[in-house]
Each structure stands twice: as structure tokens, then as C-alpha cells.
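One chain, subunit A, links the two complexes that follow: it is found with subunit B in the first and with subunit C in the second.
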Partner chain A sequence: MALQAASTTTDPPARATTPRRFRGERHLLPYLFIAPFFLVFGVFGLYPLLQTFWVSLHDWDRLAGAGEWVGLENFGRLLEDSDFYTATFNTLSIFVLSTAPQLLAALGVAWLLDRHLRAQSVWRALVLVPQYVSVVAVALVFSQLFGRDFGIVNWVLEGTGLIGDPVDWTADTWSSHLAISFMVMWRWTGYNALIYLAAMQAVPRDQYESAQIDGAGRLLTFRKVTLPAIRPTIVFTVVISTIGGLQLFAEPFLFDQQGNAEGGAEHQFQTLTLMLYKYGFINNDAGYASAVSWVLFLVIAVVAAVNFLLARRSERG
Partner chain B sequence: MAVTTPPRVPAPGRGAAVRRGVPRTVPKRGPGRLDKAGPVAYALLAAITAASVFPLYWSVVVASHDDNSVLAGSTPPLVPGGHLVENLQRVFELSAFWQALGNSFVVAGTTAVSNVLLSSLAGFAFAKLRFRGRNPLLVCVVVTVMVPTQLGIIPLYMLVTDMGLYGKLSALIVPALVSAVGVFWMRQAVEENIPDELVEAARMDGAGLLRTYWHVVVPGVRTTAAVLAMFTFMFAWNDYFWPLIALPPENGTVQIALNQLAAGYYTDYTLMLAGVVVSVLPVLAAFTLLARRIVSGVMAGAVKG
Partner chain C sequence: MGPTRARRTAAALAAATALLALCACGSGSDAADGRLTLTVATFSDFGYKPLIEEYERTHPGIDVKERISQFDQHHNQLSTQIASGSGAADVVAIEEGYLPKFRAVKDKFTNLADHGALDREDEYLDWKWEQGTLGTPGFVMGYGTDVGSLAICYRKDLFEKAGLPTDRAEVGKLWPTWDAYFATGERFRSRVGDKAWFDSSGNIFTAMMNQTEYGFFDARDQYVGDTNPKVREFFMASAQATADEQSANLQPFSQQWNAGIKQGRMATMTCPAWMTGQIATAAGDAGAGKWDIAAVPGGGGNWGGSFLTVPKQSKHAKEAAELADFLTSAAAQKKIFTGPVGALPSLVPVLEDPEVRGTTSEYFNDAPTGQLFASSARGLGPNYRGTKDQQARIPFGNALQLVEQGKADPEEAWDKALDEADKNLR
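Then we have the complex of A and B:
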């Protein structure tokens, strides 16, 4: 929310507002104050990311260290690896299944919260509860809820007659993707709803008043006034959810409790990050794993850019 | 910060409320834009919050029965049983849970404090000091939020190992000492809560930059700082990917220990979900406790300001 304000309205404070007395001290201290962030980010964030590319150009064992230079061979291997295509499909599929309904639901929840409510702060606090629960706890609880034999989801579906036999949620592509997406949705919907709510409350009131005077109903007002006004926030959440949603690790990793990062017997829910973990930390093939990393980086960049453009374009439509 | 999933921006709702100048409540009468919530809205919200809370309630229910047979019946249990304490005891007996909890407290506590201090220091510089390159550097900070640093995990592992930090808690602490979200957020807080005149007055009294920071800036942004601390604590407490890689399983964090409860061919769900209860409680408690402090902080600020 705070960040989004920055990305849309970066208005540096005017020069005149800086207290005069500080101008003399500008030599060193300000840089020292901001240095820790740049140091930490540079050393533990940026450098490893760039080094990943260097590693991907080598036959590099995680434990033995750098081997010989192989150029783009790891990337070539990747393009011939059917697991890679499966993992790319899974990554995109789980991302779409979890993000699209999640953001729509978040809009709905925000819309419900954006009115006079009794115990307003309690409602807000309650929808945020899933955000406090760790991904590990979420994965464990939901893998139980989606269990074939003891799971309450199967129990409900059977009880309502929607399914005849219990579903083995981990066994198939679609069922596993649905279950994993459900975990992501549960954890993030309330959070995004509060972001939208904050944006909705910043919409100038006179816009609503004129809509009311024009006789617009609740839904029409939402579509014509609220949505356009909070569009920058929507774009922001879409981009951030893309970056996070394409890097899912714990949910698929812990879904079947095998601890092998295979994502099921036929890799039906192996994401690219799982593949990265498998080659990097189980097979110790750091070179190959780094190639996976960089391809995932490209996927994220492309999808985020496409989503950004789509969300921006709908502004005009 | 370097390894967690892209830092989400902390505390949307509260963040907005903390800031001054943003209307916190809309007048109830007059040409207000807010609809009064009807019974349908309440019913929907009740359903949504029920869904938000159900998995946790379910964990407590299962964790309070004696074994998996409770799940084998024709209807799932919906009421807690009487074995919760017993199962919690088993959690602590069966695994290195105490040590893992201790590790998590140290890591999350340290990063929370360091994030508040280092972020507010940088935020002070960005908001109130003039230096060359300030605006481009601030843009850099904002852009880094979008960098998926998790993808550099292999070289990060190598780097940390080379530094001799593998298996030590500092392997988790050092890369997370300060984050872009924190810096950005504290800059915002300093700008909105600390008037230039106050800073200037401190300077007139002969205070140096560090003293001004400590005596003027820190007290002025303590509400935001509390929320930042809380969120940093939560991110560190809940992180899984990096602790899984940087620590050996026998000396892990609470998330690693939690997962060990579930591993193996036979999963004892009562034990596993008792572990979930233990791992979630400190964060829930901290949020509930600190939420009050934040509310009173905002109210105090509103009275004075």
C-alpha cells in the first residue's frame, strides 16, 4: 500500500523543505545511514542473483564447487527435458488458478468491508488471520483437509453427492493444482482485500455523491467509480502476486509429504521452484539448477510485464 | 529479505490508518458515501471470516483428540476433545521443538529490531536529509522490491557457506537485517510524522544527526516502527525456504521442526496439528497484543497532533 503510493506518485519533497542546517552535513552521514540497505541487498540479494547466471554456464557441483565451463549447455539440456515443460505448465497453471480467483474474491471482500459495519476493526482483523499462518502450517493443514481418506473436503463433497468416490487430490494434475491454489488463495485473499479496502477509502467522496445524484445503483457505482479509482492498486497487486505466485515452493513441496521435490509420481504438481530445489539441493547439480533459476526469472519478467500491460490497458477500455 | 518470497508490503489497513491526514472514519450522517451494512453483508462477512478461521479451528479440534481414529468416523469431528494438552506435550517431547522455537525467537526478534533501526535510519536520510543522488537511490530501493531474489538461492547458499555461516542462526539473520519495504515505509512515516521544524529545533539545540535521529525521529515514528517490527518478526518466523537450506534439520527453526512432525510414512494428524497450533500461537498472540498498542498509539497521536 505504502509502496504502491510510491510507484504511482513519487513526489520527492521540494528542496525548500529540507532544513537548512543539515546541508553542511551532507558529505558522509546520509550515505552511512542508507548504506546498510544497499550493502545487504547488494551482497545477499543482487550478487547471488547475478552469480546464478555465471553458475549456470558451468558444470558446477554444489558441494565440489565449480567445474568446467560449458557455455549454454545447461540451457540446452533444459529445453530437451520433458520435466521442464511439465514444471513450466504446472507453474503457470497453479499461478492462474490461485491468483485470478483470489484477486476477484479480494475485491468482493473489500467491497463488503467498505461500508458502515459494527465492530469494523474486528472484521478487518479476522480476514487478515490467514496471513499470520506460515506456509508450512497452511500446507500441513490443507494437505490434511484435502486428504483422500480422512479429509473433510472429500467428506463434504461426498455428503452433498457431488462425487461418488473419494478424490485422491495429490494424484492428478487438476486436482492437485486446485488444492494447491486453494492454499494460496486462503492465505492471501484477506490481505489483498485490505489493500483494496485502503485504496477504496481514499476515493474522494464527491465522486460517489455525484454517482448517487445520477441515480446509479450500488453495483454500477462500484464499476464506474470505485474500480477506475483503485485501478493503480489493482495493477500493483497483479504484478506483486505474479512475482510471488510464480515462485511457489512450500505449498507444492509439502503437499504430498515425500520431501523429494518431485511434485508427485508424474511431476503433476512440480513447480519450477521445486525443480530448482531438486537439482540444486538434492542432486547437487548447481549448474543445471541455476539454468532453471534464470528461465524462471525470464518467465516471471515476461508474465509480470504482460499482466502489467493488460491491467494498464483495461484502464482505457 | 534476500531470500523470502517477494516482500509484500506490510500492514495495508493499519498502515493507512497510521498515517495522518488520511480520513480514518467517514462521517456517519450527511452525504456520506458509505452504505450501511445490511444483513446480507453481515452474513457474507460471517461466512468469509468463518472460512478464514476454520483451518485453525480444525487444527485445534484434531489436535485435541487422542489419535487418528477420530478422523476415521463417518462424520468429521467438529468439537474439540480433551487431549490438547497431552498432544502439545508430545510435540515438545518428540522433537527438537524447544530448540526450534528458541531459534525462531532469536532470528525473528533480532531481524525485527535491526529492521526497525536500520530502516528508520535510512528513512530519516531519505525523508529529511539532502545528499547527491537521493532521489535515484530512493527509486532503486523501490525497484528492488520487485526483484525475485529467491532465485539466487544457490549462490546465496554458497556465499553463506564460504562465510562460515552455514548452520548458524546468523545465516538467517544477516541477509534479513534490513529490507526495501521497511526503508520505504519508514521514509514515508518520517515524512508524515516529523515536521521539519522539529528537526530544525533539535539542530538549533546543537544535536548532531545521530542524536536528532534518536531523540526526535525514533519517538515520532514509533507507531509505524511497531507495525514494521511485527511484520518483520512474522516474516522471519514463517519463512521456510531459506531456513530449510541454510540450517541442518536438527537445528532448524520452528517451521522446519513443524514439518518434521508430518514427515514419514505414517502421519499422526493429532500430533502434526498440535504442532501447527504451537507454531501459530506466538504470532497470533503478538499481533493481538501489538494491535492494541498500535491503536492506542494512533489515538494518542491524534489527541496531541
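Then we have the complex of A and C:
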């Protein structure tokens, strides 16, 4: 009521024609509509974020609860922990290995789907199938495919003579990163392809026609017409993939079937979220795990900001 | 993404569930006719179904629900439920390896001694009872369910191929000690070169560690992994045998491990009573009659076995304690052992029961499982587990894996294990 009264006094004269009883609502309604988001975000986003920071400043056992106040000690310990650097490297490495080929492949798939194909919608639906399959199932199937003893991948590689001895995919850094990246690519390529496809369909057809009239080939049209037109969408998928890629958990967690979040005997595929899970839920060291999660949050924020700046620059250029 | 966030979310979910439950109370008959629902949470099948049916018959007014989840998930969930103060079942199973982790919060569990548990002390194997009391006089955290007395399962056909004796008594005589076991492995490998001697160095190391009273932690819960000579002895023995190519390098309980059992990649496996079920499942019908069971080197040992506890957050602690008592009673344990689950009882009268003693396993060449497992269960002592036992165990397991992967020799692996354990125990 107070708001309504206040708004009456500040209303510009031009709006005086609006019936009196709508005036306040006009100012309140939009906020009311977006309020649920902020409420939910406040409860499930902001509050946990702050609470996590609070926990990270303590020696906090998940079972016993709050212990001694330790200030920034958990963060200091993290910066001295070689596992943290291994996990950061692993996260970035798997992210790059999976995202770059995945987005390129998605572009290719979208380009193919954008032409006049028979049974168009069937192809489009099929591309999304990996998304329907539970990530647990995907990880289990892939860890079987990449099995040392009876895995199909080794069988094929040995059959073609590319390798002499079977590869123990979980044992080394490069091999485990590669295998995990394949899982991520399998799951997300189709999804990104559909987003690209939607963007491509919005490209005005007359641009293609004029390119054709000018004698441009398919590849040239793609490079000079399609790509610039869908650039904002590409930026969007890069940002989304970055956020997802930096939080990669299920695939590496299920890859070695140990369920202990070690990420291999030398943590060769322990990502930051795996490390967070290990300390938080296996070692019950909530303080340290909270420090990891805050650093992860900061890393993602920085990467997202860099993404944003690059995108802005490319849009201007 | 922090653990707190998960905790809060869990708390919120639990609150939502509680609300739903409240609604059910208002409209349903729970309060009106005095009916009571108790939940029992276990990991894997404990064989409780027929027992629960019996209990519901003899206790009109009580409904019992079973909740079964996967091993690690079950215990991690319990941590969350204890931490958030709600959501735990009325009766919850805890495996002995996880028990110490909950020692620090034992005040969150009902002291079963307040519900007459002390009367049952005499029935139990001494060491099992002691584990369940956490060594605290007057306190009983859980009723023991089963024990995992150790043996060695071996492939009879492969032993024959290597010219080794195949009769289980003679096989047991081949290895009075672990040194003799590894020496037999050398003999076997020199004749059957394409098969390994055992499945995984981790399992060998675990079995050996389960034969000592104190492993990674001493009686004051101090970490002694770096100074306890036994730890080094067992680690180096398992690592050396692995470096000598006796291990099939299969990560325990993985798909590869199951496939390895089916394909018969190794001649022997460390075999607690519950492992026989794992082998039979993995090897399938084709493996029937190929396996047999002999005594374990070093004379007995315990691996696995659980306890039934009642978290304090249960609204029906008295009834829950009664149910836990019933599910671990002599009659119940005997029924479970002679049923399909076959978990070995932890009660002396049951272990001495002629019917239990006479049990044999058809799958394992009619091996007298009752005799083999029940007799060695009697001669055991408790092995002490530290509060952070798991956190010490994992780095040592990782280091053994490095030897299996050819990335480190035993000495290097040992150094690495010590460093990593120090780090993990901070």
C-alpha cells in the first residue's frame, strides 16, 4: 500500500490517464514476476555460496560440524597442495580435449542437418539420443569400451596393428583424458549441433542466394555467410561448455569404477570437482572441500569473464 | 557445489519429505490405530526379506520397510543424514570398515545397552562384540550381523595343470605362511606362464592387513602406518609378488575383475565367506565345479561383516532396537547362512550348530563351507580400525596399483604411499 501511494506521487503526468487501481501494479508486477527466480536463487544459490565460504574458514568435519576458526588456512593449504595443481591441469586438459573437437563436430553436423535431407526430423531427433541416455550408463559403457583386457577400442587398435600391447586407458594421463573426452563428446555434440542448427535456420536465405549468384562454393558460403551470422550462438555454446567442462564430475568419477574419487593411482584424471567430492564426502573434511569449491567458483568466474570479453571484442571486430 | 550446499539441499529435501510424512499422518491411519512403520537400510541383500515378513506377522501393528542401496552410497548417505539430523532409517547397517568413521559421532546413535543389548554379549564372538561396542564399556553401538572369515579360493583345474596338489587339505598345507603362498605362486607360474597367481595385489594386502590386530592405527587411534613393521612387511610382500608378475592386475570389483574371474585369469583369490557368492556370480554356470576352497596362509583372518545400528534421530528407538535384536538373533543368522545369501554368522551357538557346520557348497566342489569358515571364525581376534582408516588405506592401495601398472618398483611405491598417506590424513 505504501508503495502504491508513493508511486502515485512520482507518476509522470502523462500516465495520469491510467485508471488509478492499476498504477501501483504496473510498477510492482514485473518485479513480482521475476521475484521467484531471485528467491530461489537466494535460497539455493547465494545462501549456500556464502555458507560455503563461512565453512571454508573453519576446521569443519562434515559429521562433527563446525570446529576451530582457521581463517584462510584452508586456502593456503590448497595452494601448497600438488593435487590441486594436478586437478586444475586435468580439468583444463579434459575441457580443451573434449570441447574443441566437440564444437567443431557439432558445427559440421549442424551444417549437414541444415540441408534438405530426407526424413529430416528423424535425423534431428537421432542427434539428440546421447542426451537421453543417463550419464551413468554412458560412463559404464565407455569404461567397458576402453577396458584394458576386453575393451573394443584396444581390440580394434591391436587388430589394425597400431599398438602392440593393450593400452591400460585408466593408467596414464593422456589415455585417461582422451577416453573421458570421448564420453563428453558423445554426450554433448548432438546437443550443440541442434543449437547451431536453430541459429543457422535463422540466417536469411537471401544471403545464401546472393552468395550463390556471386559464385561462392559451399565451403566459402559457410565461412563467409553462415559462420559470421551464428557467431553469437557459438559464443553462447562456448560459455556453456566452459562452465560444464570445468565442473566435469560424473564421467571421471565413474571411469575407473572405484567410487573413491581418487581419479587414478596418481590422480591422473582427478578433476577439481572430484577432488572436492573426495575431501567433502569421503574424507569428511568440509572446510577444505569448501575452499576447493570457492577456488573452483573463482576459476569459472574468471574464465567466463575472459570468454565474455573475447566475445565482445569479436562482435565489435 | 560445496558440501554444505549439498547438505542444505539434503536438509531441504528431508524437510520436504518430513512435510509429506506429516500430511500422511493427518489423513492416514498411522496415528489413529497406532500402526508403526520402521525402515531398515542396508547395502546389498542381507537376506532379511523372509525375516521381516515373520516379524510383521508376530508384531501386529508394525510395518517394516527395507531400503537397499549400493555399498559406498549407503554409507555416504548415512554421513549426510547424521550430519543434517534427519532422513536416516530406524535400523541402519554399517560395515566394519566404515564403523570407525562414525565413532566420532557415536552419541548420534542409540546406545543399545539401554535396550537390553548387554544380555547378548555372551552369544557373540568376543571380537565381534568388541567391535560393536567401539571398545567403550557400557556402550553398544550395533548388533553384529555376519563375519567374513578368510580362506583362499582356487581353480582346481589350473592347479592340476601346474602339477600342484588339488585336494583342499593338501592345498592348504602348501601355504602355512604367505611366503610359502608366494613361493607356490612362483612354482605355478613357472609351469602355467599365461595365468596369474592372484587377482589383485590390493586384495592380497587387504587380506594380510586383516590378519593383524593393529594395522594403520594403534590403540590410541594414532596413525602408525609408517612405523608399524607389519604394514611395511605386508606391503612389500604384495608389491614384490606383483613385480614378479604374480598378479593379474585386476582392480577389485571392477568390470574387468569380474571378466577376469569368468575367463579364469588367475589360479587363486583371497576368499572371505561373502566372496564365494561374488565368484559364483561372476564366473557363472561355466565356472561351477572348477573352484574349490582351502585354508588361508597365516591361519585365519577376518574381512567384512556388518552391524545394525539405531540412529538417535529415529522416532521409535525402542521398537527399532527390538527389530535389530531380532534380525541378528541366532535363529535369524542361521536362516541367513543356510539361505541363498550365505553370510557367515557371528554368534557362537550358531557357528557350533551341527547343521551350520555341515553346510557345503555345491558350486565349489562341495567344499565344506560350514567347516572351513565357521571353524576359522572362532580363532580370531578383533582387528582395530582407526577413525581415518579408509583415508590411510586408499594411498597404500594406489601405490600398489602403481606397481601393477609398472610405474614404480616396490621401494618407490612404498615411499609414495607414505607421502600420500601423510597428505591424506591431515
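Note that in this section the second predicted complex is superposed on the first by the 269 of 317 C-alpha atoms of A that agree within 3 Å, B and C clash if a C-alpha of one lies under 4 Å from a C-alpha of the other, contacts with A are read in each partner's own complex, and residues count from 1 in each chain.
The rule we apply is simple: contacts are C-beta pairs under 8 Å (C-beta built on N, C-alpha and C of every residue); 3 or more make two chains touch, one makes a residue touch a chain.
None of these values were measured; they are calculated from a predicted model.
Chemist: Counting only touches as set out at the top, which of subunit B and subunit C does A:Q247 meet: first, second, both, neither?
Modeler: Touch status of A:Q247: both partners.
Chemist: Considering only touches as defined above, state whether A:E80 meets subunit B (first), subunit C (second), both or neither.
Modeler: It touches nothing on subunit B or subunit C.
Chemist: I'd like to know which partner A:A171 touches here: subunit B for first, subunit C for second, both or neither.
Modeler: Once the two structures are laid over each other on A, A:A171 reaches subunit C alone.
Chemist: Once the two complexes are aligned on chain A, which partner has more residues of subunit A within touching range, subunit B or subunit C?
Modeler: On the superposition, B touches more of the residues of subunit A.
Chemist: Could you look at A:E68 and tell me whether it touches subunit B, subunit C, both or neither (first, second, both, neither)?
Modeler: Neither partner.
Chemist: Which of the two partners, first being subunit B and second being subunit C, lies in contact with A:Q51: first, second, both, or neither?
Modeler: In the superposition, A:Q51 contacts both subunit B and subunit C.
Chemist: Between subunit B (first) and subunit C (second), which does A:L194 come into contact with in this model arrangement: first, second, both, or neither?
Modeler: It touches subunit B, and subunit C stays clear.
Chemist: Can A:Y132 be said to touch subunit B (first), subunit C (second), both, or neither?
Modeler: The answer is first: A:Y132 touches subunit B but not subunit C.
Chemist: On the A-aligned overlay, A:G280 touches which partner chain: subunit B = first, subunit C = second, or both, or neither?
Modeler: both
Chemist: Shared contact residues on subunit A for subunit B and subunit C?
Modeler: In subunit A, positions 44, 47-49, 51-52, 55, 62, 140, 143-144, 149-150, 247, 257, 259, 273, 276, 280-281, 286, 289-290, 293-294, 296-297 sit in both the subunit B and subunit C interfaces.
Chemist: Under the definition above, what is the set of subunit A residues touching subunit B in their complex?
Modeler: Within the complex, subunit A contacts subunit B at residues 1-7, 10, 12-13, 15, 17-23, 25-26, 29-31, 33-34, 36-38, 40-41, 43-52, 55, 62, 109, 112-118, 121, 123-130, 132-138, 140-145, 149-150, 152, 155, 186, 190-191, 194-195, 197-198, 201-203, 205, 208-209, 212, 218, 239-240, 243-244, 247, 249-250, 254, 257, 259, 273, 276-277, 280-281, 286, 289-290, 293-294, 296-297, 300, 304.
Chemist: Show me the residue ranges of subunit B that touch subunit A in the complex, using the header's touch definition.
Modeler: 1-3, 5-6, 8-9, 11-13, 15-16, 22-23, 26, 28, 31-37, 41-42, 44-45, 48-49, 51-53, 55-56, 58-59, 62, 68, 71-72, 75-76, 118-119, 121-122, 124-132, 134-135, 137-142, 144-159, 174-175, 177-181, 183-185, 188, 191, 196, 199-200, 203-204, 209-210, 213, 234, 237-238, 240-241, 245, 255, 258-259, 262-264, 267, 269, 272-273, 275-276, 279-280, 283-284, 287, 291, 295
Chemist: Which bits of subunit C are touching subunit A when the two form their complex?
Modeler: Those residues of subunit C that touch subunit A are 1-9, 72, 76, 79-80, 82-83, 101-102, 104-105, 250-251, 253-256, 259-260, 265, 388, 390-391, 394, 398-399, 401-402, 405, 407, 423-424, 426.
Chemist: Flag every residue of subunit A that touches subunit C in the complex, lowest number first.
Modeler: Subunit A reaches subunit C through residues 44, 47-49, 51-52, 55-56, 61-65, 77, 81, 83, 140, 143-144, 147-150, 168, 171, 247, 256-260, 262, 265-266, 273, 276, 280-284, 286, 289-290, 293-294, 296-297.
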